[in-house]
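In the two complexes that follow, chain A is the common piece, with chain B as its partner first and chain C second.
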Partner chain A sequence: MTVTHPPAETLSVLDRPNSYIGKTVPRPNLDRLLQGRGQYVSDLELPRMAHVVFLRSPHAHARIAAIDADTARRMSGVIAIVTGRELEAVITPWVGVLSHLKGLKSAPQHAIAVDRVCWQGEAVAAIVAISRAAAEDAMEHIAVDYEELAAVTDMRTALDPATPVIHASLGDNLAFERTLDAGDVDHALSESEVVEAEFVFGRHTGVTLEPRAVVADWNAAEARLTIYQGTQAPHMVQNIAALHLGLREAQVRVVCKDVGGSFGIKVHIYADEMATYALSKLLRRPVKFVADRIESFNTDIHARDHRCRGRICVRPDGTITAFEIDDLTGIGPYSMYPRTSAIEANQVVNLVGGPYVTPNYRARARVVFQNKNVMCQYRAVGHPIACSVTEGLVDLAAAKIGMDPAEIRRRNLIADDAYPCASPSGMKFEQLSHHSSLAKLLQMMDYDALRAEQAALRAQNVYRGIGIASFIEVTNPSAAFYGVGGAKISSQDGVAVRLDAQGSVICQTSITEQGQGSEALTAQIVGSMLGVSMDRVRVTLGDTDNTPYGGGTWASRGAGIGGEAALQAAKALRRNILDVAAAILQSTPAGLDIVDNRIVNAADSVSRIELSELARIVYFRPDTLPPGIRPELMATRHFVPRQYPFAFTNGVQASWLEVDNETGFVTLLKHWVVEDCGTIINPQLVDEQIRGGVVQGLGAALFEKCIYDERGQLTNANMADYLVPMSGEMPDIEIGHVVSPTQESELGAKGAGEAGTAGAAAAVANAVNDALRPFGATITEIPLTPQVILTSLGRI
Partner chain B sequence: MKAAAFAYARATSVVNALELLAVHGDKAKVLSGGQSLMPAMNLRLLSPEILVDIGGLAELRGIAMRGDVLVVGALTRHVDLLRSPEIALNAPLLRDAVSHVAHPAIRNRGTIGGSLAHADPASELPACVVALDATIVARGPTGERRIAATEFFKGIYETALSPDELLVAIEVPVIGQGSTFFFQEYARRHGDYAVVGLAARAVVAAGRFSDLRLGFFAVGDRPLLAAAAGKLINASVNPGLLAEAATALTNELDPQEDQQATAAMRRHLATVLFRRCVAALLARPELEMGVAK
Partner chain C sequence: MSAPVSVSLLVNGEPIDAFVLPRLNLADFLRENLKLTGTHVGCEHGVCGACTVRVDGEIVRSCLMLTVQAQGALVETIEGVSDSGEIADLQVAFRERNALQCGYCTPGMLITAQDLLKHSPAPDRQAIREHLSGNYCRCTGYQAIVDAVEATAKTRAERGT
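On to the complex of A and B.
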């Protein structure tokens, strides 16, 4: 690990002998999960619980003329069959817009379609029965009379005057448009070499192992709704459910225990989930919805699906003088609620060219409606697009002027001592480390030796390629992300820590756990700050009744924001404990310390009193304490970044692969990542986050794509035809770190959850083009399927 | 994704299974390893009224040599093909092929009888039995019949079996000395059905093929025994002849287009496989390069 900046003074407390920060310690929830004792919503059973199945539209766009459910209603086991019109009485529609995304528009969306369906898979009716099987049996007997409408499917023609407008009230199919013009792009164009390409990205989706799952339980006696849901943002769900069901937030409790994967898929509010809440209220009993795999493919948000024209201007000496992009994306018929579907395109505009010094940048992004499943934020929102476009263009520029891809980056990346600074799109960078990261990467991969090996193999008709991709990543978002646009999505998080009567620590945090290790990192931080061993720290998350208010886990924010709140809460509790200890021991707080679950002398570490004994006195014999002492063995702190809208991180990835030029098949041989997420709390958790992210990026690069036909039918909505990356095709992924802690928090941690996904596809695409260079082929489309590669080679 | 309700009968013997099939006709489905049937039922693509489970019939298990014929019971699981010393010795092609079939969990349950009866044109084992010149043994109400593998596959998911028949065994002739095998497929991910694949058996003497059986799969509605192989038998193979045979091969193929490949891509990949196969069988790597278009 290379440390570019000495850790802040205040961090010295972390170097205490009992510190867990910076160490690979096992996750506290590991045994529970490995022993099959996880508590997933899919497994939850409640008394009188009913199951809902949604009859979904087979058409991309149609008017619902009639629904005949008479036969189905009479079938055994059926409790209710509910249409969109009937459900409207219980739940109001919503519009997915945010005020800071100027001009963003969308149409009201209903929990179940009313009169019209706008994508294949939109729910048309809910069948509630005593089991999912009974509901599916009944579903086969519902007759819906559809009048098919023309479907808008191709984003490229969505804005043509001849194309039907999906929502007449909106006037056209343009959801959002943003332009940016910084510096002097025209001048750069006139004085540099210009390279241009169109980058095409397949639509893909998250494919969580556990599908979306909800149990909604309306208790009419308490007038209270309990929602058990696999979500990343319990308080957001609470707010939205209350808002649309006409309840106060206090009438809604959201409980989120174990979640079988999320990747951003579970940070949104889905119509079928809203319908499930409403059905529970309507039927006054618990109702369970668990999406099946086909429903997941048809209704879990999709992402990426961009076509981005890009230009780069470069001088013969390698100086990059400008970037220019024109991005187009189709988001389905509605902007998703409440985070909206304009964020990805907005991020693309924010991030293109971000690692480089050139001040000249022009961009346009357009977001259009179409009759396909909705698109929204999925792991590394916008980053893979921006990174693939930027890094693809940089490699094209290098090829044009005959410069080595590593060298052109060295000449243009922002210098490590140039911070703080801002990008042409106005992104503020506190401290990045592009050059040390690149240097470390080249050393890890032994770049020169690899180039020599590549050349030697070419002589034997073996075509291998090296691809490099530098990237920046948005982490720790402040209110600038959603709050300023009017969304009730908290950017702050809170942690409450208390010492129990036997000296153990109970910690409640508003961040959530979906496998990242939120529970582990919270326990590590609290244990370290308090001087308590980790097995005595119990972390509670995912319950709006029992945690402080906060945002949850998304946008690589858990460690940086929730972790800092944990650190500050633990520090406050530590002060309170030492105050009491000083009173009991007739010492001073400064003269004492907490190490290994006991109070010791700060000076000579001599043990003075066990924490359990201190707690016993405080809770059971307060009468023995000196007068005036009011012990407070619980502390709560909240944290939100204020100085920087986002804590940017950076990194660089490289791919080494072989292309079989006769078959078009790509074999991934090795992948390297160097990234800088600031303070590392648990090295193994960080590395596995990055590896997992890389694998999702490799999936995008080679395999994953939601294939729609021209009528808006998703034709590969199953695990046989939608190809997720699997271990057999994955290379070894080697990871290195550079550490530039953020000064905005005492902890210094930035996010690491999306870094892998941000740059993996760009590295692979660059490597494939590097391998194919002898054939004069350049491909700027992913996934890079054998079909695509053979076509570009002219073999078929 | 729940199967529609169905009845279930666990057959106690082959005779009992045949009786059940005779009673229920095409409303019944034989359940073997369930690795193709159950997914289809869960997707409600198939809704049989009754499943006749043959999984417990010991008489359908086992791998044994009978003279110079290797007899493989219908219930032999994929994993058994992978591990059996008899298979490794006498029909290594099956072992090589089955390592490309799905993943361990599926190979632990899926059976050779189920795979052949299912007749997916992208499946490995049907092409192998064609290349191996095997015979499929079927038993029905009127007794047993033997069907040449080349006559067994009739189309996508279609075979020569009638609904009241059971596939009971596969007989593979073992030709012993001089025979060599080749198996390769192009699949997007390990364990996926092939985009194009080739299972081959050859007899090579003095650098020439005295026999060459090429079983292509995923190139049409059933496994294809390529007639173009004939051009290379008892001939001195050179790049020119290989190119000529490759052209003949593409004319034989009638590939489908799907999400993995267009028909043109399948034709192209088949010729690449063809060349690589011949080069490998003759141990002449230079032939592999030859005819790239």
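On to the complex of A and C.
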């Protein structure tokens, strides 16, 4: 591991005796999951619970002329059949816009379609019954009379005058447009070599293994709604549910236990989830909705449906003089709520060219409506697009001037001692480490030896390629992401820590767990700060009644923001404990420390009193404490970044693969990542976040695509036809680190959740083009299916 | 829809007698009737492997099997193989290697891995990857799982079991 900042002279709070920070320790909650004793929402049953299924539109765009549910209503087990019009009385519609995305527009969206459906899969009616099977039986007997309307499916023609406008009230199909012009691109164009390409990305989706699931329980006697939901942002769900059901937030509790995968899919509010909340209120009983796999494909947000024209200007010496992009993306018929569907394109504009010193950058991004499923934020939002375009262009520029791909990066990456600095798009960088990272990567992969091996194999008609992709990643978002745009999505997080009566620690945090290790890193930080062993730290999360208010876990923010709140809360509790200990021991707080669950002398580490004994005295014999001592064995702290809008991280990836030029199949041989997420709290968890993220990016690179036909029908909405990475095709992934802690927090941690996904596809695409160079083929489209590869080789 | 029919089977060693609709699949029977929610449902069409259980010693996708087909069979779920201690070492290896994140694929993954280790005590990494290639994990990228299975194979070989 390379540390870019030398450690301070004195021990930091991270270096306390027996610190868990920086150590691999197993996550505390794993045995539950290993024994099949998790508590996922799909497992939950409540007394009187009903099940809802949704009748969904088979058309991409149609008017609902009539719904006949008379037969279905009379069927055994059916409790209610509710249409959009009927549900309107309980829940109000919403519009997915944010004020800081200027000009972003969308149309009102209903929990269940009213009069018109705008994509294949939009809910038309809810069938509530005593079992899911009974509800599905009844669903088959509902007759809907549709008048099919022209569907807008091709984003390239969505803005043409001849194309129908999906929402007449909006005037056109343009949801959002952003332009940027920094430096002097025209001058660069006139004085440099120019390479141009169109990059095409397959629309794909998260495919969480547990589908979206919610149980809504309206208790009419308490006038309170409890929502059990697999979500990344419980307080956001609380706010939105209350807002649209006409409740105060205090009347809504959101509980989130185990979540079977999320990756941004479960950070949004979906219409069918809103409908489930409303149905519970309407029917005054618990209602459960669990999406099946077809519903997941048709209604979980999709992402990355982009076509981006890119230009790069380069001088013969390798200096990159400009980047220019024109990005087009189709987001479905509505901007998603409440985070909006303009963020991805906005991120593409923010991030293209980001690792490089190039000052000249021009960009346009247009976001258009279509009659397809909605698109929104999925893991590494916008990063894979920006990285693939940037790194694809850099490789094309290198090829144009005959320079090695590693060398052109060396000549253009921002120097490691140039910080703080800003990108042409205005992104502020506190401290990045592109050059250290690239050097480490090349060493890990033994770049020169690999090039030699590649050349030797080419002589034997074996076509292997090396692809490199540098990237930057947005983490630890401040209020700049959503708060400033008017969304009630908190950018701060809170942690409460208390010592219980036996000297154990109970910790409540507003970040959530979907498997990243939020619970583990919170326990590691709290245990380290307090001098308490991890087995005595219990972490509670995912419950708006029982945690401080906060944002949750998304955008690589849990460790950096929630972790700092945990650190500060534990420090405060430590001070409180030492105050009491000093009073009991007739010492001073500065003369004492807490190590291994006991109070010790700071000077000689002699044990003075067990924490359990201190807790016993405080809770049961306060009468024996000196007068005036008011022990406070609980502390709460909140944290939000204020100095930088985002804590940018950086890294670089490399792919080594083989292309079969007869079949078009790609075999991934090895993948490397060097990543800089600042302070590493748990090396194993960071590495596993990166590996998992890489494989999601590899799926996008080779397999994953939601294939729509020209009528807006999703033709591969199942796991047999929509291909995901399985263990057989995936390579081993080697990971290295450079450590540049953020100075904005004492912990120094930045995020690591999206780095893998950000750069994996770009590395693979560059490697495939590297492998195909002898054939003169260049591909700028993913997924790189055999069909795409053989087409580029002129074989089909 | 026909009427419920009677079915008798052993689940994790316990005799079960039930009346079920002929269309009820084994995954739903285990989860909804017996509350054995460790068997997870991911795709309901036999692709993802989350619902993998053992029937008469063979791994099957319980979403593709009807409950009535399990008449007279011995069905073992993650709860059973956990409580018996059969896969305790594999579970430890998964924990040590963080071979799970959200945990939703994990019961099926463990049962599938145990099947491999029973039939092939010293599999290489590619053999492990091949055997697990019907079990979808979106979180880990699989490497940690392969590592954990490989480590378990080695320790079992050293123990001579």
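Quick notes on this structure:
Criterion: the second predicted complex is superposed on the first by the 791 of 796 C-alpha atoms of A that agree within 3 Å, B and C clash if a C-alpha of one lies under 4 Å from a C-alpha of the other, contacts with A are read in each partner's own complex, and residues count from 1 in each chain.
Here is the rule we go by: a residue touches a chain if its C-beta (ideal position, glycine included) is under 8 Å from a C-beta of that chain, and two chains touch if they have at least 3 such contacts.
Being a predicted model, the structure only gives us computed values, none of them experimental.
Shared-chain residue A:796: touches chain B; no touch with chain C.
By the touch criterion stated above, A:137 is placed in contact with chain B and with chain C alike. Contact comparison for chain A: of chain B and chain C, C touches the greater number of residues. In the superposition on chain A, A:154 makes contact with neither chain B nor chain C.
In the superposition on chain A, A:716 contacts chain B only, with no contact to chain C. Touch criterion met: A:461 reaches chain B, while chain C stays clear of it. In the superposition on chain A, A:579 makes contact with neither chain B nor chain C.
Using the contact criterion defined above for the overlaid structures, shared-chain residue A:730 touches chain C, although it does not reach chain B. Using the contact criterion defined above for the overlaid structures, shared-chain residue A:786 touches chain B, although it does not reach chain C.
In the superposition on chain A, contact is made by A:292 with both chain B and chain C.
Note: residues 133, 137, 292-293, 718, 720, 725-726, 728-729 of chain A belong to the chain B contact set and to the chain C contact set alike, using the contact criterion stated above.
Against chain A, the residues of chain B that register as touching in their complex are 1-5, 43-44, 186, 188-193, 195, 259-262, 264-265, 268-269, 272, 289, 292-293. Of all residues in chain C, those touching chain A in their complex are 1, 21, 23, 31, 36-45, 47-48, 50, 77-79, 82, 91, 94-98, 100-107, 110, 125, 128-130, 132-146.
Listed in rising order, the residues of chain A touching chain B in the complex are 132-133, 136-137, 140, 292-294, 461, 662-665, 703, 707, 715-716, 718, 720-721, 723, 725-726, 728-729, 785-787, 790, 795-796. Contacts from chain A toward chain C in the complex involve residues 26-27, 30-38, 40, 42-43, 133, 137, 206-211, 258-263, 292-293, 514-517, 684-685, 688, 691-696, 718-720, 724-730, 732-733, 756.
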